[in-house]
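A, B and C label the chains in the order they appear, each numbered from 1.
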Amino acid sequence: MTDTSWRQTSSMLKTRRPAPRVLQIAICNPPFNLLNGDVLDQLAATLRSLTAHDTGAVILGSDLPDIYISHYDVGEIADLGDLIPHPALSPPAALLRGALHLESLLSLIGLRWLVRKSPLGGMSNLNSYHECTALLRSVPQVTIAMINGRAFGGGCELALACDLRIMVDTPAEGIAGAGQAIRGSGIGQPEITLGLIPGGGGTQMLTRNLGPAKAIEICLEKPLLRAAEALQLGLVTRLVPARDLLQTTLDMAIKLSKRSPAAVAAIKDCVHIGASSSLFAGMQREKAHFAVCAMQPEAQVAMHKYLDGIDGILGSQGGLEAFEDLDEGIFSDLTPGSAAAASSAAATAATAKPKSL
Amino acid sequence: MTDTSWRQTSSMLKTRRPAPRVLQIAICNPPFNLLNGDVLDQLAATLRSLTAHDTGAVILGSDLPDIYISHYDVGEIADLGDLIPHPALSPPAALLRGALHLESLLSLIGLRWLVRKSPLGGMSNLNSYHECTALLRSVPQVTIAMINGRAFGGGCELALACDLRIMVDTPAEGIAGAGQAIRGSGIGQPEITLGLIPGGGGTQMLTRNLGPAKAIEICLEKPLLRAAEALQLGLVTRLVPARDLLQTTLDMAIKLSKRSPAAVAAIKDCVHIGASSSLFAGMQREKAHFAVCAMQPEAQVAMHKYLDGIDGILGSQGGLEAFEDLDEGIFSDLTPGSAAAASSAAATAATAKPKSL
Amino acid sequence: MTDTSWRQTSSMLKTRRPAPRVLQIAICNPPFNLLNGDVLDQLAATLRSLTAHDTGAVILGSDLPDIYISHYDVGEIADLGDLIPHPALSPPAALLRGALHLESLLSLIGLRWLVRKSPLGGMSNLNSYHECTALLRSVPQVTIAMINGRAFGGGCELALACDLRIMVDTPAEGIAGAGQAIRGSGIGQPEITLGLIPGGGGTQMLTRNLGPAKAIEICLEKPLLRAAEALQLGLVTRLVPARDLLQTTLDMAIKLSKRSPAAVAAIKDCVHIGASSSLFAGMQREKAHFAVCAMQPEAQVAMHKYLDGIDGILGSQGGLEAFEDLDEGIFSDLTPGSAAAASSAAATAATAKPKSL
């Protein structure tokens, strides 16, 4: 199931499969790769079409050479103003919250196409954005943003909704080339400069990652972050030269595509949903997920394989090389229904329990 | 509305207006600038008197040369002991929580002056503290703590309730001068050394900014932080030499005073209230705030101005200079009701929508 | 009450009292110090037996020279698979959450011994783990993990449940000695390599300390952290050479054992429970705890002693040395019922209030 040639999956997305169980998506909305309702709907549809069997990791990149996503389409945002009959009248947040809920309900019963044509269309775009990022945070695939250039506003938020972020180390000033100049890279939430705020989860992801002090500083005072600043803050996972961006991301995707989909989904749920509730509720959530994962055939096979070799691993006198083997894959092909998993699971079920340490 | 001379606004506060829409407050309780119930009440009254029209940024400083706020008045805290008839009897937290709620209710119907004279007066001070910091976190003005020296206990908590913190880089050892010695700077929560805990939100702001591990370390084991440590932890936004403190803070205040008050208040609410609830609830909150901000006349004007120039900004081959102009102000005079805003809003309302990208 | 010789307190725990009010626990499950249900039950029983009078600080270490806790006993985890009749059937998380609740209830009425013998025994182990870490987070003693080597999986989670973590700086590669080789150190959550997730609170403590981005990176992609990385992330409080580990930990335990137990418990509750709820609820919680602490006789004595010397401390022209004395102990013997506290409290109660500043 590897196919390295690109397919135009929908009007604004290209996809390919550079390795088994790895899907690479390229957002394609030239010339500036603005995000909009259509891109989000197509992205959500693509994510929904995946199964844990066929895909273990998703790379979310750009089709442009030096721009990830410039930002969300400001024209679509400005259209929200059409909802109000006079500029002096602005509905209160509570009313808009109601309208957003209503749009969600109408969308649930399949009427979003109708709302899109009404003055409430802007609400549909907002809800689409949040449905798409919620999907990125909940699918059993590891999602990796491959950030090849600037990612502002909605682009920053889309990257923050992924599990990991590999970013190009191009300086903010860009690179003036003899042949082809490369645009500067950067990430951040410049909405405040137009009187807006982040609307795709930026305030929430920044605060939950960096705390309120840094989140307010970034949203109010420091709208543009250089790649190196983002790395230092922990907003991007790794910084690499442009020429290594694809290979580094692909290597990581291949390694992580072998993780157990049940465990990947459980970790994402514990982190995003569990840890955003009370400590007690979060702990309860983790415990139940843990038990489910431990009961999966793939995990049972891996644990018994580990128990067979445990004395060699834990007893070795040296360093942590034995553990590093774990990470690199000796037990890690947890692809559901893989031949190894299926046969060993059957064997395990047949034999009694020889595993107590 | 600029008036660079100081006014004694109330017994313990001086104020001046060093630039349009910027209010500078100096806390004035010599010799050690202890915080107490009166300072907090006067500060709350001053904050409540501001409007989004007249003030966009508030600088919260000290009237003393080398002390920000030494700490909260320990005498007032010790008075809480008067509530208990015998030292062996100490009411449980649940009972005190009830008393604090009761005081809040009495205060709401205007009876705080009465409570202040009763043995429950200490409860009034505690509630005053929390009302004041809640105001700092919710007013539509950007609030900047200008920390010119030590800020311990209640002083640290007051600074943490502001949106941004500019701190002097004086070393903890102070500077032994030929003429005038300068006292050492530092920040932190030394309450534990007297058997107390932070009472003005310190445990909450530290945990939400740094996580439980660092918060416990600071509250239990490391009560005094040097300015450089605070910067490294992200508790202060910037460190500057004493001679640059006022100008740096003022420059930042002037720049940020032009941000849209609606957007400033929305960001503060999303960060403090939204991100302290579940991820789903926080996202809903942000979405509704975003829609409200996008409907403001000032934002509509700024967005259409941006759309007019978008090709130049996004298409430039170089670095992010075009974006930096955004931050520095080409669209950023979002003062509500400013002449530009009013006229353009009217124009926008009159014309049809030429903005779809 | 100092007794530097070790006692075998229970089958898998040794304890000693290297200083007054300091208890040192060594987990003793050779050869690899695996954590299991018995260790956790014995640890919980030991913690429950302590009082604020006899113990102010607990050091949680290992009996092995170069291993803290290798990880949780994988055999016990694999046994969870016995619950399912066929590997293709795996109960949903909601059902397991119910089973975990049921086990908690049965345990409350003293029936855990019975559950342990049933196929639900794995549920008991999970609940034991969480009861033990909840104890570590709530006891009025300061808890310090003394990490002398690798601490993976359950070992990492147990350390994260302590208030502070002092870790050995042995490199991950270990030290090849002429006589005795030393195994490499490291910390982290490698559960994903076996298709599992952290089950003892790892996802919760990592996210609350580091935010979702780093937590997902660690749980999914970077299962093994070097000691230096853990220090840089703030997951361990301090890194020391192996030969200094015990003395550094002991010095810290002795200093912190003099903190007020009421204040220690209050800070832990505000940080873990308060800051995992809404900002408003967390603030209410802190306020009430603050008032309770301020009413304790020990705190009243300390505050009045401080007020007597306040002019010297706050008025000194130099640095923060006076404050550092505070930290080092001039007011800090807050041992409940200490002779000084008792007599001064009586004196305070007898005299009128001479303390208003």
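The criterion applied here is as follows: a residue touches a chain if its C-beta (ideal position, glycine included) is under 8 Å from a C-beta of that chain, and two chains touch if they have at least 3 such contacts.
Per UniProt, the chains are A, B, C = ClpP/crotonase.
Treat the numbers as computed from the prediction; the structure is a model and nothing was measured.
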{"item": "Copies chain A (ClpP/crotonase) and chain B (ClpP/crotonase) - rotation angle from C-alpha fit, nearest 5 degrees", "value": "120"}
{"item": "Interface sides of chain B (ClpP/crotonase) and chain C (ClpP/crotonase): same vs different residues, half threshold", "value": "different"}
{"item": "Whole-Å gap separating chain B (ClpP/crotonase) and chain C (ClpP/crotonase), where each centre is the average of the chain's CA atoms", "value": "33"}
{"item": "Where chain B (ClpP/crotonase) touches two or more other chains at once, by residue number", "value": "208, 210, 272, 277"}
{"item": "Chain A (ClpP/crotonase) contact footprint on chain B (ClpP/crotonase) (complex, rising order)", "value": "142, 160, 163-165, 205, 208-210, 234-235, 237, 252, 255-256, 259-260, 262-264, 266-268, 270-272, 274-275, 277-280, 282-300, 302-304, 306-307, 310, 314-320, 323-324, 326-327, 331-332, 334, 345-346, 348-349, 353, 355-357"}
{"item": "Complex contact set, residues of chain C (ClpP/crotonase) against chain A (ClpP/crotonase)", "value": "31-32, 34, 70, 73-84, 86-88, 90-94, 96-97, 99-100, 122-123, 126-127, 130, 134, 150, 152, 171-174, 176, 181, 183-184, 186, 190-199, 201-204, 206-208, 210-217, 219-221, 223-224, 272-273, 276-277"}
